[in-house]
Structures are given as C-alpha cells and as structure tokens.
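Lettered A, B, C and D in written order, each chain numbered from 1.
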Amino acid sequence: MDILSLFVIVPILIVLALTFFAKDLKQARLISVVGMGIQFAMSINLIFAYIKERAVNTNIMVFTKDVVWYETFNIHYSIGVDAISVVMIALTAVVLLAGVFISWKIDDLPKEFFISLIALSSGVFGFFISTDLFTMFVFYEIAVIPMYLLIGIWGSGPKENSAMKLTLMLMGASAVLSVGILGIYFNSNADGGPLTFNIFEIAQVNIPVAAQNIFYPLTFIGFAVIGALFPFHTWSPSGHASAPTAVSMLHAGVLMKLGGYGVFRIAMYLLPVGALNWSDFFLVLSAFGVIYGAFAAIMQKDLKYVNAYASVSHLSLVLFALLMFNRTAWTGAIIQSLSHGLLTAMFFALIGMVYGRTHTREIEKLGGIMKILPFIGAIYVITGLAYLGLPGFSGFVAEMTIFVGAFQHPDLFHRILTIVVVSSIVVTSVYILRMVGKIMMGPLSNEEYKDLPKATWFEKTGLILLLIPVIMIGVLPLGLSEMLKESIQPFLERLL
Amino acid sequence: MDFSYTILIPLIPLALFVILGLFSKKIPASISGWLGSLGLGTSIALSLYTAYHYFMDGKLEGVYQTFVYKQTWLIFTDKLHIDLGVLIDPISVMMMVVVTTISFMVHLYSRGYMHGDDGYTRFFAYLALFSFSMLGLVLATNLFQMYIFWELVGASSFLLIGYYYTKPSAVAAAKKAFIVTRFADLGFLIGILLISYYTGTFDFKDLTSLDGMLIAGWGASASFMGLSVFTWGLILIYMGGVGKSAMLPFHIWLPDAMEGPTPVSALIHAATMVVAGVYLVARLFPAYYFVEDGFALQVVAYVGAISSLVAALIAVTQTDIKRVLAFSTMSQIGYMMLALGVSKYEGHEGLGYMASMFHLFTHAMFKALLFLGAGSVIHAVHSNYMQDMGGLRKYMPVTHITFLIAALSIAGFPGFAGFFSKDEILVAAFESNKLIYYSSVLVAGLTAFYMFRLYFNIFWGEDRKYKHTPHESPLSMTIPLVFLAFMSIFAGYIPFSQFVTADLMPFEAHLNLPLAAIASSVGIIGIIIAFIFYKKPSDLPERFANAFGFIYKWIYNKLYFDELYIFVTKKILFGVVAFSASWFDKNVVDSSMIGIGNVTVSVSNKIKGMQSGKLQDYAMSFVGGIVVIAMVVFYIWIN
Amino acid sequence: MIAGISIYEILTLSSILFFIGIYGFFTRDNLITVLMAVELILNASAVNFVLINTYLYPDLLQGAVFSIFIIALAAAETALAIAIIINLYRIIYSVEVKDTEIMKY
Amino acid sequence: MERIIFYILAAVIILFAVASVTSRKILRAVIYLLFVLIGIAGLYFLVDYNFLAAIQLTVYGGGIIVLFIFAVMLIHHVELVLEKTALKKKLIAGALSASGLAVTLWAISTYPFPETSATAYSSIEVADIGRILLSYEDGGFILPFEVISVLLVAVMIGSIVIAKGRKLVADGSPKTEDGSEKLTENK
C-alpha cells in the first residue's frame, strides 16, 4: 500500500474498529487516540519522506499513483502530493489528534461521535491527496456532510438550525462548484484529446477564454464559501458557535482551509486567464472581508462568535493573498492557512475548556479566570498574542509574508488595498486584547468560579500539541517557506 | 576584530526567560531572583567588554567601523529577506550598555521590591523577555528585525504593565499601551513596506550608506501630496517611533502604563523601551537627513519640541508622583527627538545627533534613578500621591540623597550629568532653530520646577499620618540607587563626542558657556520657585492655580487627550464602525441568506399545495393540460 | 341515420354532454354526485360509439357492441364505486370529496 | 319529424344533464340523471338500435339509478341538500369545460367526415348482436365478451367484500355489522 492511500484507508479502518469493537467511551477514545496517533506519526513521516523524495524527484507531484475508477467518464483515483498538500495533511493530523484529546470526556454517544469525526477526516485527507477533480470533489463532500450530524447531534444552543444553515450553504456552494468542475471537464478537450478530470492533464490544455470567464467565478465561489468569503460567511459564526469543541476545531482549523486550497489548486491553476480577469472583483471582496470580519468581531458577545469572525477576517486574508499573484504572497497564504488552522483550533479548544467549566461563553459574564486556571489562562494569553501576530509565533510569519508579498505588486491599486488590509492588525489586537483582558484578567467575575477544576492532562496534551508547531513555524520559518516556494513554482509558471 | 560573541548578550536573557517561564512553578523565588540577576550580570559584563573593545579599537582611519553578523531567517523575494543578527556600531554599543546596565540594576532592585509577591518568578521571566527583546531591537541589522523586536518589546511591555492582572486599571492600561503602540506600529510597518518596495532592501547598512545608490535615487521617486514616497515612508516609520516613545499624539498610554510595578516603569517606561523611537531615528539618521532636504527630520524636530513642552506643562500639574515622572520622561524624550531633528550630518554640525544620544544615556541613568527612588518611596508609604507624602528625608536618607542628585541632574544643575547633555542639546537647537531653542529653554525651566516640586513635596514639608513609620528600603534596593546616583553625576564627564557621532567620526565638543549659563540659570530659577512654593506648606500653589483657572484645569486633565481618544475609539470606531459591521452582518448578510432559505420553504409550501390529494384538483389539472396540449397540437397542425 | 340530422350535430350533442359531465366531475362535492357525472361522461362516449357507427359504418356493428360493453363496464364501475363509497362512509363518516385527500401522503 | 324529435331529445338530454350536475338536492340529481339516460335511450331508438336502447333503459335506468338511490339512502337521508359549491371553483371548472368543449367542437366542425355509401342494417336484431358477440371469426367479440364476464364477476365479488367492511377494529374487538363508529372513535 502506498504512503498516501494509507491516509484514506487508516481512518476507514479506525471507523470499522470503532464500529465493531468499541463498547464504551473508554474503548472508543482509546481506539481513536491510537488511530489518530498513527495518523499523526504517518504525517510526520510523510514530511520527511517528502523532503527525501523531493531531492531526487523534480515532478510537480511526488508519490503519484493512478487507478482507473470509472472509465466511461475518464475518472481516476489519482493521487500525489506537493509541499502544499503535505503541510495541509500534517495540519489535519495535528488538529485531529488534538481534537480527540480535547473530546476525551465526551459523554453523549461517544462511539458515534468519534466515528463521524474520523470519517470526516478521511474525506479531508483524500481531498488533499487527490489530483483528479472528480475524486477530489467526492472527498470534499465526504468531508462536509458528517458536519451536519456532528453539529446537529453533539452541538449546543440552536444546533439544528445552525447545522442546517451550515450544511445547506455548503451544499449550495458544492452545487455551484460542481457546475464549475463539470465546466472545466467538458472544456478539457479544447486542444483535442479526451475529456479528463486529471488536474495536470487539464493544466496542459488551453481552455477557451470565454469558458474560463464563466467557470472561474463558479469554481472560485464554490470553494470560497467554505473559505468564508464575504458575503458567504454567515454559516460560520452560528455553525461554530453551535458545534462541539472538537468539531469547531476541526472545522475552523482544517475544513475551512479546503476553500483556499481548492481555490488555489483548482480554480486558479486550471483557469488562469479567468483568474486574472476576475481577480480585482474578488480581491476587493476579500480585502473587505478582512476588515469587516475584524470589526464585526469587536462587537460580539459570545467567545465563539469572536473567534468565528476572527476566522472570517484571517481566512479572507488567505484569499486576498492568493489573489495577489506572486510567489511571496502565495507562500504567505499557505503559511497563514497553517497558522490560522493551528491557532484557531487552540482558541476553540480553550473556549471549550472555559465553557465546559463555567457553562457560559458570554464575555461579560467571565473575568479573572487566569487566577483560577493558570495553565489555561497562560495558554490563552499566548494564543491571543500569537493570533494578533506577535513575532515568534506562526501568525507573524504568515502575515508578514503576505503583506510584504502583496506590497510587491506592481499595480498601485493593489498596494493601496494592501495598506488597507495591513491596518487590520490593529483591529485584530483590539478584539483579541478585549477578549483576553476581560475573561482572563481583571477581578474574578463570579465567586462560584473559585473552585473550577484545573486543566487535566489530556487538555494540556491537546493544547501543547498545537502550540509546538505554532512556535516552530514562528521561530524557524525558513525551511517551511522555502519548501512551499518550490511547490509554488508550477503555479507561477502557469499563471504568470 | 570579531564581535560575534555579542550575540550572547541578548541570548542569555532569552535563555533565562525560557527557563523561568517554563519552570516558573518549580523554581523557588529565592533562586529565580538570583538567576535573573546573574544572567543580566553576565550580559552587562559582556556588553561593557564590547564597549571597551569597540571604542578603543573599533576605528579604522578615524572612522568607527560597523560590524554585522547575521543569519537569514525568512526569505520573501529574491531581494527582500529578513536577517537576524547583530549590528555593532557606536549607537548600538552605547544602547546595549544602557539597556544591560538599567536592566541589571532593575533586577537587583526588584529582588527587594517584589519580595514576597505571588508571581515573583513570573516577574523575572517577563523582565528577561523584555531584556532580550530590547537588546534584539538595539542590535537589529535591518528594519524588519527591528520591527520584530519592536513588537516583542510591545508585548513584554503589555505583560509587565498588566503584571497585576487582577487589577482592572492595570489590565486597561496594558491594553491601552499595546493597542496605541500597535496603531503606531501600523505606520512603522507600512513605512517599511513602502521603503522596501522602492529600495528592495530592509538592511540598515544599505539604507544608510552614503555612497550606495539608494539615497541618491530617493528624491526622484514617485510623489504623493507633494512629498516623495520616501519621505512618506520615513514619516510613517517615525510614527512607530512616536508611538513607542510616547510623543504627541500617541503619548496617552505612557501615564497609564505607570500601573505596572515601579521597577518596570524604571526599566521600560523611563530608560529603555521609550527611547526606542529616538534610537530608530538615529539608526536611520542619514536617510532622514538626506531625503528631500530632511523634511522628515523637521517633522521629528517639531514633534519632539511640542511633546516636550506639552509634557512639561502637564507634569507641573500632576499629583501622582509616577505620572509626574512619566510626563517628565515624555518631555525629556521630546528633547532627544528635537536634538536629532535639528542635527546636521558632518563633524561638529552633527552636534545634535551626538547630544541626543548623550542625553539618552544620561537620562537613562537619572530617570531610572528617579523611578527607583519613587518606587522606594511608594514601597515605604504605600501610596502614589504627593498628598500622602512629606517629610520623608528623616526616614529615608539614602533615597532622599539619591533622589536629590537625580533631580539636580535632570534640572541641569551645573556639574551634574544632565547639565552637560542638556547643554549640548540647547547649543544644537540654538544653532539651527531659534523657535525650538526658546521652547527648549522654557522646558528646562519647567523641568527644574516640577522636579523640585516633587522633591520638596516628598521629602520636605510636614509629616503625614502614616499607617506605620516609613523606613529606609533594604540594601538590595538602595545599592542600585547609589550606583545610579553615581552615574547621574559622573556620566556627564564622558567625552561622548569621541564615541557617538552621526558620521561615525569623533570630534571635539566644547561647553558653550553663555548658553550653558542661560540654561542653568533658568533651571535654578525653576528650583527657587519650587522652593518658595513647596518648601513650606503654603497656599501659594493653590492661589496660583486658581489664577490660571481653566488653563490649569485643561492642563491638569492632560489637555483632554484621553477623552478625545476615547471619543474616537469608543464612539466612532466601536460605536459606529464596529457596531454597524456587526449589525450589517446580522441583519443584512445573514438575513439575506436566511431569506433565501425562507423563500425556498415558502415556494415549496406553495408547490406542496398543488399536491392536495383532492381528486378534482388532479382532474382539473389533467383536463387543463389536455386542453392546452390539444390547442398546441391543433395550432401546429393548422400551420 | 336520423333524417335531417348530420353527424356534426350529433357529435356536438355528445360533446356538450361530455363536458357537462366534466364540469360536474369538477364541481360536485359529494362522491355520489361525482360518480353520476362520470356516468354522464360514459354515456356521452357511448352515444358517440353508436352514432358514429350508424353514420359512418352502417354495415358494421362494432359501435353497438362497444356500447354494450360500456354499459356493462359502467354498471360494474358503479357497483364497485358505491361499495367503496359506503365503506368509506363507514370509516370516516363522510363522502365529501374534501375529506378524502389522504391520497397525497 | 325525426329531426324535431332529435332536437327535443337533445334539449332534454342537455337540460337534464345540466340540472343533474348542478342540483343541490341529491335525490333530484339522481332523477335528473335518469331523464338524461332515458333521453339517450331515445336517441338509440331513433337510430333503430332497439336492443341497445332496451339495455340502456334496463341497466342504466333500472340498475344503476336504483343503485344510486340506494347509496343515497344508505348514506344520507333523501332530503339531503348539498353544500353550495364555491364560485371560484365553479368558474374555473366552467372555464376549463368550456374551453375543452370549444376545442372539441372546433375539431369536429373542421373535420371532413366522409359520406358513406354502405347499406345499413335495416334494423338491428338481438340475434345479430348475439352472433357478433359470440363469434370467434374475424370481427367477432368473443374475447372481450369473456373478459367483460370475468370482470363483472370480479366486480361483484369485490363489491361484496368491500361493502361488507373490515372484520376487526383497531382495538381488536370484533366489529359489528355497522361497526363504523367504533373505528372512527378509535382513530
């Protein structure tokens, strides 16, 4: 079995093991944690294997494999990775493992919870390794749909409504996306040759400009909805607020990254002319989203809403950087995806811990938690500082790479937009400090909070797992950024 | 010559921070204080050695050389990359000495001051983090490295101001400091982006070298509102400096920052971090001076002059001793700024530059001393307010003497350190801009006045009702005081112009006697007025304040800057922009999405109605359909 | 053949009868009366069979035979329908069309 | 003469048909239907299909109408007045029927029916019909005839089964002959 397919198969095996062998919470989480641990080890191994393979293999994708799946329409199960997918896979594995730790004490239908969570992960992994549009789309749907169950069953608050809103909006986007993908497919014989779903075969074809202009926005929006593009972001605040902790982590940390990844790998890479023609429009939308999300976050009362709007802001920044069309900004966009994935997962985990103890997420009702829960408080402050782009953490590297890259754009309008977007760092610090200052610092808001239980070992493990890569990227970013730059080269050649 | 070992100077505090931070629970308080002091002791030893080594041997043909040791940290484009490393030149060595000295003194002092505090180890961890960041900033080889450490000092300042995090005022002050400086840093960042876009480099060496292409080509770049982009870039970078150095209009965070523990105020908000803005301008001085005839530099000069005057005026009215000192700091930094601003480049004309650095050095000593002395007083009487103090000279002789020395020094009393550096600044201002000179002289008088107002109020006058008799602070606190007092007297005799100059070439600076006489007599007049007003309790000050009525009130309330900012942020940014963004999101964007859902539901309800289950409805549709089809068929058939 | 009457008039008559039946089918509320409207429709078609046979193919008998079949079918249908109606009435106490709309589920 | 009779019959048929579908008294509607059926039987007489007319009278007039009346009497009392149909419904139904009629009439009137020259049966005897019904030669109807017979048997049995109703009600107690109320109550 090849190194990549295992990423899809292992989750399925875990799901089967959970189905047949797990009897109660203890067994379910044991199987999950072992399985996700294996997955995590595999992803670390993949990084090293990739670096080793990259030294001798100059193809765009390495570890490729191609199996005919459905011959009539030329659908293949074709896989392969470049640096971008490798880091995304690693991100997914980390967040999942941390998510399992955070869900250690889930008491409601634990087995089913872990089954849904891990089934979802197989879709995410499959999405990142696919190089065939159709297979990719199938995995995408696998990743999106269990979300409905996860929020609808294990969520809190108006969970059914939120779950439905989230699922319907994402399904609507999928519908648009599938039109875009089929549009690409039916134009993939523009230079003669058979119709194909294979990304790299399509990349050799000059799709007619008229078709690109039509299908690019469809594909872009289809992916950008899950990447929280304004004004299609409204599923995210309510969805995240209602979702259980681990699901929020996974969703904001990983699933929302599928959007940026899809935009980059499919919409922009396959439809380069359309991308250039439409870039200004989407650029303004995403720049607006950055500022808008940040301002909206200031006024939120619920911790999860703050974080959800912050995610809107930060992920709009990813799209913004992607639309800047240069290597540095793209590198920044990918690092930002990683960084935001880790940090937002940490934030959701922390919010979950605070909520689990105090049973409220309202900022006004919380205060002075750090005195009672020093570990959680300290990590909260660190996460907050990292989130607002303090040097030494991944957020700084990502944002600066984006800003510097974006500012290298030769067009004045783009540079002015960059300045506008840069100003979001101030707004970000306002809402982060407001949140941290209110709930962690200050006097204790409620005497009942005096005896809140301290952080347990599994909570600490989950947080530290996430914190380590944040600091690693923040302190030594060079290796990562160079690795990504190499993989961005094909995009550069195709788009410019 | 090899200075690569200097990299250890910031790394030792970093290691300290990591150790103290990770094991803050496990390390007992007694050890962590010593550990911190020991680490900083090593750093200060190293930096003194470096200074000695550099100033003795660092010259080549009479010019101080610049040594750079760096390592690529992150690559952006082919040209732009961030390096981390150390840059050794006169000002960085000088700053390194200042930072390590003050930091070491503060470490020693804190062992006594923070004794018995819950977060003792945490405090030392933060101090180490700050020392690391500040040293990294000082030694930065390029703009971006400076920005990185600039942010880190901001964050450590946030942590230290908010050290008493259960106190709401401390949290608010910490947030305010961070956000205000962050806003200023936004200017810094945009400035960096602008400059790097047009020059293709972050490197200080490239940006300031005279024979390179860069500066020559700067005047001819694209222009915006009548100024070249470079001037805008430099002004924006200066905005960062304005924020960190608490110049007008970003000064509002500094008085509130006094919520932090007093040693922190001495270290960060008096001696080191707040002079980062001065250091930044000095670092880029050739660029400021040569681009467009130094327009940006004039901005620096005027901002400095106005800030120093305004701050001195406000300091006269404050009653919280730490706030008086904070405004005094702001005023003195304004001095340094204006000195830089009026300076020229070559030889003796670069006097302002050298005076600014000189004043930075002496100011660090006596202002740290003032803060530590104030800390000692606060430690004794447990209050920040002058009203609660008086007659303390009997109880705290060491504090009293050292405080007096510092006050004399800052007032520019002849023979003390402040006298020399201030004199150089006044000379530089006199030679270049009379308006600024007059305002500086006025500030000198005001400085002497408010300093001695403080001094007389604390140490003279009658005793207050103390809860328990004030006593002298422990040895751990007085030793740093004595050392700094020593420095406050004798630092002035260092021949600074031999070491730190704009063009890196030493020159001879002389005391300009007439100007020195004017300045010191103004200072002495200020002291005498303070003596009359405050030596004995009298109603003079009150009558005086009443005479000025609303002006006094205006100044007392810090010119209502805080209110203005609160109006802008709370009312406009939060109240209007943020509120409307969240309102818009909830009621327009979200509602329209929900609206789409509702429309779908109602349409499907309508369609559902057609499937009524009523036989007759079905039959009607059936017949209607047939009729229509028949009509169509017939129509086609006819044609 | 009816002297003086063309096939057009007869077809017109049967059409009118047919559509009166249709109208009744649409408007009546009671299942029995609906059934009666169906009888009208059936009769209209039976008339058509017979008279077209008479007018166009007088040498054949097919039309008449089909009319007989129609009458037989009508009788059968009516018997069955009324059985159903009666049973329905036993169950829901109503033979109104508006009460019998469970079919939509 | 025949023409006048035809017109009279046509008028009777249409009038009573209209009355039958509009009358609100249910028993009257049945009786109006009877007149329509008789009118149609008259038409059959007019074209000399005496047997057919007889069947029409006996099966329809005698059988089906009686069935209707019984049904009415079983379910309602004879004097039942039906609810007034909604005007909207009437209008829609009327419009639909009228347009359908218009289309049909237009189609009829434009269609050129051929003139026939075949010699007609002078009068149709029962024997003719019986022969053709039971003939298995070309043009014979033995198969439909048998099918109809089977159908009639099936319908007879079916009607009995249905009309007899279910044996059990929901609570499992045996159902009485008119146990309908129980079932309703149990719903």
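Remarks
Convention: contacts are C-beta pairs under 8 Å (C-beta built on N, C-alpha and C of every residue); 3 or more make two chains touch, one makes a residue touch a chain.
It should be emphasised that the depicted structure is a prediction, and the values quoted were computed from it without experimental measurement.
Centre-to-centre spacing of chain B and chain C amounts to 99 Å, using the average Cα coordinate of each chain.
Here the CA centre of chain A is 68 Å from the CA centre of chain C. Between chain A and chain D, the centres computed from C-alpha atoms are 72 Å apart.
Per-chain CA centroids place chain B at a distance of 102 Å from chain D. Residue numbers of chain B whose C-beta contacts span two or more other chains: 620, 623.
Residues of chain A in contact with two or more other chains: none. Listed for chain D are residues 92-93, 96-97, 100, each touching two or more other chains. Chain contact topology: the protein chains form a pattern that is neither a line, a ring, a star nor a complete graph.
All chain pairs that count as touching, in label order, are A-B, B-C, B-D, C-D. Interface residues of chain B facing chain C in the complex, by the touch rule stated above, are 611-616, 619-620, 623.
Listed in rising order, the residues of chain D touching chain C in the complex are 1-3, 6, 10, 13-14, 17-18, 20-22, 26, 29-30, 33, 36-37, 40, 43-44, 46-47, 49, 51-52, 55-56, 59-60, 63-64, 67-68, 70-72, 74-75, 82-83, 85, 89-90, 92-94, 96-98, 100-101, 104-105, 108-109, 113-114, 116, 118-121, 124, 128-129, 132-133, 139, 141, 144, 148, 151-152, 155-156, 158-160, 162-163, 165, 178-181, 183-184. The touching residues of chain D, counted against chain B in their complex, run 92-93, 96-97, 99-100, 103, 106-107. The part of chain C that touches chain B in the complex is made up of residues 22, 25-27, 34, 97-98, 100-105.
Residues 165, 168-169, 230-235, 238, 292, 295-296, 298-300, 309, 326-328, 368, 370-371, 385, 388-392, 396-397, 400-401, 403-405, 407-408, 415, 418-419, 422-423, 425-426, 429-430, 433-434, 437, 440-444, 477-478, 481-482, 485 of chain A touch chain B in their complex.
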